[in-house]
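First chain written, first letter: the chains are A, B, C, D, E, F, G and H, and each begins at residue 1.
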Amino acid sequence: MKRSDLRALLGRVRRGKISPARAAREIGEAPIEELAFATLDHQRALRVGFPEVVFGQGKSPAQLVAIAARLYRRSGLVLATRVDEAGCAALRSEFPEAEVHERARAVVLRRGRAARPRGRVLVVCAGTADLPVAEEARVTARTMGSRVELIADVGVAGLHRLLAHRRRLRGARVIVVAAGLEGALPSVVGGLTDRPVIAVPTSVGYGAHFRGLAPLLAMLNSCAAGVTVVNVDNGFGAGYAAHLINTAGGR
Amino acid sequence: MKRSDLRALLGRVRRGKISPARAAREIGEAPIEELAFATLDHQRALRVGFPEVVFGQGKSPAQLVAIAARLYRRSGLVLATRVDEAGCAALRSEFPEAEVHERARAVVLRRGRAARPRGRVLVVCAGTADLPVAEEARVTARTMGSRVELIADVGVAGLHRLLAHRRRLRGARVIVVAAGLEGALPSVVGGLTDRPVIAVPTSVGYGAHFRGLAPLLAMLNSCAAGVTVVNVDNGFGAGYAAHLINTAGGR
Amino acid sequence: MKRSDLRALLGRVRRGKISPARAAREIGEAPIEELAFATLDHQRALRVGFPEVVFGQGKSPAQLVAIAARLYRRSGLVLATRVDEAGCAALRSEFPEAEVHERARAVVLRRGRAARPRGRVLVVCAGTADLPVAEEARVTARTMGSRVELIADVGVAGLHRLLAHRRRLRGARVIVVAAGLEGALPSVVGGLTDRPVIAVPTSVGYGAHFRGLAPLLAMLNSCAAGVTVVNVDNGFGAGYAAHLINTAGGR
Amino acid sequence: MKRSDLRALLGRVRRGKISPARAAREIGEAPIEELAFATLDHQRALRVGFPEVVFGQGKSPAQLVAIAARLYRRSGLVLATRVDEAGCAALRSEFPEAEVHERARAVVLRRGRAARPRGRVLVVCAGTADLPVAEEARVTARTMGSRVELIADVGVAGLHRLLAHRRRLRGARVIVVAAGLEGALPSVVGGLTDRPVIAVPTSVGYGAHFRGLAPLLAMLNSCAAGVTVVNVDNGFGAGYAAHLINTAGGR
Amino acid sequence: MKRSDLRALLGRVRRGKISPARAAREIGEAPIEELAFATLDHQRALRVGFPEVVFGQGKSPAQLVAIAARLYRRSGLVLATRVDEAGCAALRSEFPEAEVHERARAVVLRRGRAARPRGRVLVVCAGTADLPVAEEARVTARTMGSRVELIADVGVAGLHRLLAHRRRLRGARVIVVAAGLEGALPSVVGGLTDRPVIAVPTSVGYGAHFRGLAPLLAMLNSCAAGVTVVNVDNGFGAGYAAHLINTAGGR
Amino acid sequence: MKRSDLRALLGRVRRGKISPARAAREIGEAPIEELAFATLDHQRALRVGFPEVVFGQGKSPAQLVAIAARLYRRSGLVLATRVDEAGCAALRSEFPEAEVHERARAVVLRRGRAARPRGRVLVVCAGTADLPVAEEARVTARTMGSRVELIADVGVAGLHRLLAHRRRLRGARVIVVAAGLEGALPSVVGGLTDRPVIAVPTSVGYGAHFRGLAPLLAMLNSCAAGVTVVNVDNGFGAGYAAHLINTAGGR
Amino acid sequence: MKRSDLRALLGRVRRGKISPARAAREIGEAPIEELAFATLDHQRALRVGFPEVVFGQGKSPAQLVAIAARLYRRSGLVLATRVDEAGCAALRSEFPEAEVHERARAVVLRRGRAARPRGRVLVVCAGTADLPVAEEARVTARTMGSRVELIADVGVAGLHRLLAHRRRLRGARVIVVAAGLEGALPSVVGGLTDRPVIAVPTSVGYGAHFRGLAPLLAMLNSCAAGVTVVNVDNGFGAGYAAHLINTAGGR
Amino acid sequence: MKRSDLRALLGRVRRGKISPARAAREIGEAPIEELAFATLDHQRALRVGFPEVVFGQGKSPAQLVAIAARLYRRSGLVLATRVDEAGCAALRSEFPEAEVHERARAVVLRRGRAARPRGRVLVVCAGTADLPVAEEARVTARTMGSRVELIADVGVAGLHRLLAHRRRLRGARVIVVAAGLEGALPSVVGGLTDRPVIAVPTSVGYGAHFRGLAPLLAMLNSCAAGVTVVNVDNGFGAGYAAHLINTAGGR
């Protein structure tokens, strides 16, 4: 039952065409969810800067273009993640205005200018091999509307590189830390700041790494309070949550 | 917004006290779920024979009695599972009419006589050590209203014991099979009948059994089609699903 | 010992050619299984609508065609699952009447018209990526003789899409729910209906998903009673069990 | 090298007692960390409302009292978690002003009045068995200075209970969701709101639950964006991170 | 259908009371297994020296005595494994002739004298902590009728102790090797002999031993051909299989 | 120290060129193993029918031919396992007399005629997909000198096929059972015979099969005594152990 | 063949009582290991400072005393690890000179004065809960003859505490690092020094820690080169290896 | 703050341009790490023989050449590991002086002559399939400056091959042992020597080997004291640690 249907029904109640009791019964029996969720969905549509998201993995270039085109018409802001080279080329060819983030394997389509970024999200990664995941987090949070900085290659076996950035750690509202191998970086970062830390284990490693299980377990057992964790290689999820946190206090 | 509130609001629309537009807005903003779910809950309440269920594990005898008493007042039919000896004693002492099923570690409270059991559920178990789980399935399905038979101790290493019951296997509408160790029985039973089989791995075993993981995996990989699986030692879940299947076709 | 041999032996008893004692001994020593299982196999052969099944994975197009041809001759109804593109093409070319279900990766060969579908199986899946598994379940149950409906893309992060279908959930005799990622959908569906639910975890996910382990464990621990589980991606098994349940009460 | 030492050295440079080159060398060789970290530690000490934390598990009542007393003298605000009954009694007897949160197994010692709580953290849990973990999160965030609300027993098998609280979900800055069994609640909550969600798997379950592994994997694979995860039963960590997020935007 | 029933039926065929066709149908429909399996069971009953076996774990002393008494009456030879101290005492008190093997936690009841042991089984164990498992294997094989020798404490970190027994290794028909920790002994033994080796991983170890998983995996991956494996701590199973192998060639 | 060196040394003792004390010291300090192991190695060389074995996996056709040629010269009997198509072709081209077992992926080179096979090994497999593993076992045991029979496609979901072979089960000295999926077949076979059973889990399956883990665990937990287990897909190991058992009693 | 037997044999060769050829054969056939290993064992006995070791876990006080007494008589230096309170008391009562290390749960018996410690082993641990493991490493290495220092409670979430000890890190020959939770400390220490680091994961943690699995995997994946790992809680093994390394270069 | 900046600041203090107090504050607030870590990094640069290391896996030939060239300019000694064939060719073409170690998949670039190797590292491996890992360890330790010997193919199933090398085992300062399959070799080697042993599990195996998990667990549970472990296939890490140990005592 759409809002217009409801209003029509109530008009009939007003005009005495239908009794209140029967109207109540009709409302109660309608697939009332449309009503119940209308507000929510409308709200979502109104949130400037929340992009439509396409998970590109396993999709052909043609599928990618088709899906992106449909979403783009609707919302004017689309983020495609896990897009391979062919997919990037296809999107760029179809949408000349597309921002292609190669290392992040992400593409952004945007109508009009981006709003001024808000707050401050810091993305940190342990090794250069973790960069694609860190970049995915950066692009995601930035596309949603956050100001984002990225510090790369500050692994725990060379602490001085990390310590040199201590001020930037403290200047962020939320910090995303991507690390493979033993996944120790989030604990060290968490000990240097009192900001919330989102840890992203990456699949960078071999042998008893089990494709990310080692850093995942390490991060879940972090000795630093304030650390929460997302799935292995889930840069998108980390960037998304970071944006929500970054802007949570602003309302 | 309860149905009475809705009806009052509609009365005010009828009387011109409030415009249809504003009423529509109020309805749209109300915590409309009460309406949306009213039907469902009412339906549930009407289903004769569906007991209220208490998971007894980790509850003290006093807690058990208190919870059971409250539910008993409401519905007249209560099933308590995973009740230890002290809990059984407490329930029996408080409710002299309680049926105590010791091996199943289950207690049933019922006001009035049980309805005549319907259909036919067959519960089969591999070894005597699996009996508590099989009994829990039996008591659950029976309390919900199914006719249930139990065949015990028909492990796959002594096939003739199982084959002797082949007619009963074919006479059931659904078969629950509980087995520990290697969990092979559901596959063998599934090959002897075309009825749906619900497999329950039990934690009976040691070493590389990993408290039920071995038969759980075995059952998920059954070579016999028509086999579905529930959690380790989950006799309750198997009995519950068996009753639903046993009575599914009757409507 | 075939039935004809047995009858011949008994004729010799009748004619006094052989003593009852010796005949009894011969019967007891014969590979008596042929007798013991004759009924069963005969029954199976008589069940209209039960297809012969070919598991296509790892088979070449030529092997597929050869196996399917042999079974088709025997029974007139063949279901091939997990058939890749080349296999589909080969079967279609050999059997022009073949129904090819591309998304389900399944092919059905049928002599004559299908019987009218019975009962009602509902197949639900969480995301579009789960569709191949859901379709495999749908085609399996349909080929066996069930009436089947399919609802796609009703994940738990957008509840209103699921709630909009609540009436269809209640109108089914059994519901198959396929879901990857966290595998939460069967619990939510199970809470909205009192029909048996067969949960199928899919391998859709990455990282700590472990190719379906995450939703498999989730489904085995479902808080909704009445949920049973099959192996990861086992749409065939779910559809097969669903058909058995759908028709179990009809006899 | 303490700040006073450094200042004395510089005074000697000023007075010409020592050359700048040599002073530079001395500074470079000193265990300079004391300087480097002084600011950080001082800052920490100044943060009003951040309690000293005692992990009570495995500590005797006497040890608990001794540790708590020392920290209490220093900071005036102590939070002890995972305190068993004997520990609670000992702390209450030693510090009559102690707030004892029995269900959370937590004790708070506070000198003076608590500051007015800020922002809004919402803690939600699926079943009553998850309450101790949810309470630990609530007490932690509250003790740190957040305003906290708690909604209990809104499992996904009874969605209407959760939907009835939808407004409160949207009114929070951050939501903590504790759930055992299949751990589906965070996904459903995440789909109803755009606030960051911290998921806490609990060890409530049995069999293929593996003491929290099932909901942990489910939560890491949540289909709802914006969900991050902490360790099994880690209510403290969730509450701590929630407080950081709740107050992150306020600066 | 018992053999006597069959014979009676055939008598009626002989006397013309019943037609061969109808008799054939009756035989075909009877629960014919009793016939099919009669030979097998009788054979089993005739095998001298095969004891009835009681798995003592989880059984009370009273239950043990009751079960053992029943089996003892039937067969005159009973082996009870995994019997705790109380169980041993109870059995000894009830059956003064009982042999109690304390380290093996096993009890043997035997009427009459044991037959002369046959062949030669060698049981080897790595450390003294593995002795209970090795002893269980020894007692099992001995009770079944094999001649058994035991060599203890010949771990791989002290090879000379093992090498000193090389001749005995070669003199056995089959060798059982029990080892915990890294489970390397079966490979080393397998390299010193061409006899079949049955490896028994034990739960002796800690940490990354996972209660026997480490030696279990090691043994399954043995670089020495001719090694087969049984479940963790399954001394009974190893001894049983060793006896079968020891006497396999004798027929 | 070779035997010739030792003899020379003793000659010098005899001739008084060196004192017994010093000779004893030299012998004690020599790398005496060559002596210690001489017997063993000589014995091995003398065992007619024991082939040299090449594990073909990961080896190029050229490597295979080179290794096989060297071993063939030495012993006149070579078994190569896990040889891919190209490897088979290369071996056949180099050694026209090679027996190529395609399904087993094995090649045998033999100079002269094979000895008459001894004893009786029975190899049984559950499904046609398990045949390559079963064949590897068959070829291995046969090449070593055992008489071997193979029964294929007797899965537990169709028991009558297995029961029809019951006499052959009892006629073997040792039985190898290969099975994937749930791995139930060894338990059923073990219950029908009193011969030692070697179970080989295969990697045939998908999803929660974990490439053979499911049947491996099942087989380790077999309820039938007398069952031992080898590694997943290790048909070679099973055949090797079966031959040792088959001939163990003959000496 | 003992050395004296060999010398006697050679004497007979000298005296012409036996031919060199026959003597060579006798030597070759003797259980020659006694010779082969004599040197090794003698060497071991001569190594001053290498204690006899008793693994105390699972041993009664009486057993402990008996074993220790026997070893003490033989070598004059005994180390008992994993001794519980009762065991410590028993050993102290029997051997008044015993050094009891309560936190390490270790007892040392020593006749005469300890030799002057050599080299320098540094033991570092992350939290106070890891101290028992660190202490076990310290006592082990010290008892074997190494000079050992211990730095406690320098977790990675408070880097400044660790950095303050940087000079001591560089002054050691080998460093043992014990850590539970996420096990990050060895990587950080490894990055601050070029000495070999032995990492000991401890079982300190809960939930997804899996009793030490999390830090074990983390340590195996350390991004710092030069880190090797021992079993969970294996302080003894770490201290033993550290001593060997500490003194390896001294010869 | 670089050292030159610090010196300039101190000059201003000397000249009275700035007060000591303010200078102290500036020093305290500077990113003081540059100072704190200067010594360390300088030290590292001075250590002759420590190569720069490139992890070649996943890098294109062009990337490899570019990275190696940059490092080579800086340090004159570069070690590239896990380089595939194309990478080896590219490096050899760019740097004609490159040492290419094909089996080790490693390339060394060195300006000038290598220093004379020190100490003695022994690398041992079980089978030829483990050789690449053993070679990687050998090349790594050798490139860092150690003298290294390699013994190949001394698996535990043929002990005499290992025992023949016992003297070389005792002549090393540290021993690296690489083994796949059951990983038993480190325990046997550890029992034959009192030198520190570094165990490297390899991924050589199949089935229940789980790509190196089996030998990893075995090695962590070694019954021989003095054994430490690195990650699966981590020959580099083992060689690196071995070099550190080999030269630890030399200072």
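Criterion: contacts are C-beta pairs under 8 Å (C-beta built on N, C-alpha and C of every residue); 3 or more make two chains touch, one makes a residue touch a chain.
Fair warning: this is a prediction, and the values are worked out from it, not measured in the lab.
Path length between chain D and chain G in the touching-chain graph (shortest route): 1.
Over half of the residue-numbered contact pairs of E-F are shared by just one pair in A-D, D-G or A-B, which is A-D.
Here A-G and A-C were compared by C-beta pairs in contact; the pair with more is A-G. Taking shared numbers over all numbers used, the chain A to chain D interface scores over half, which places it in the same class. Between chain B and chain D the centroid-to-centroid distance comes to 39 Å (mean Cα coordinates, whole Å).
Separation between the centroids of chain C and chain H, computed from CA atoms only, is 55 Å. Rounded to whole angstrom, the centroid-to-centroid distance between chain E and chain H, based on C-alpha atoms, equals 50 Å.
Counting only residues that touch two or more partner chains, chain D has 33, 36, 40, 159, 163, 166, 192, 207-209, 213, 216, 220-221, 231-232.
According to the touch criterion at the top of this document, the contacting chain pairs are A-B, A-C, A-D, A-G, A-H, B-C, B-D, B-E, B-F, C-D, C-E, C-F, D-G, D-H, E-F, E-G, E-H, F-G, F-H, G-H.
Chain F contributes residues 129, 159-160, 163-164, 166-167, 206-209 to its touches with chain C in the complex. Taken together, the chain H residues at the contact with chain D in this complex read 3, 6-7, 10-11, 13-14, 16, 20-21, 23-24, 27-29, 32-33, 35-36, 38-39. In the complex of the two chains, the chain H residues touching chain A come out as 31, 33-34, 36-37, 40-41, 57-58, 201, 203, 211-213, 216, 231-234. Residues of chain E that touch chain F in their complex: 36, 40, 44, 47, 50, 53, 119, 163, 166, 173-174, 192, 194-196, 198, 216, 220-221, 225-231, 236-238, 240-241, 244-251. Taken together, the chain D residues at the contact with chain C in this complex read 126-127, 155-159, 163, 181-184, 187-188, 190-192, 205, 207-210, 213-215, 217-224.
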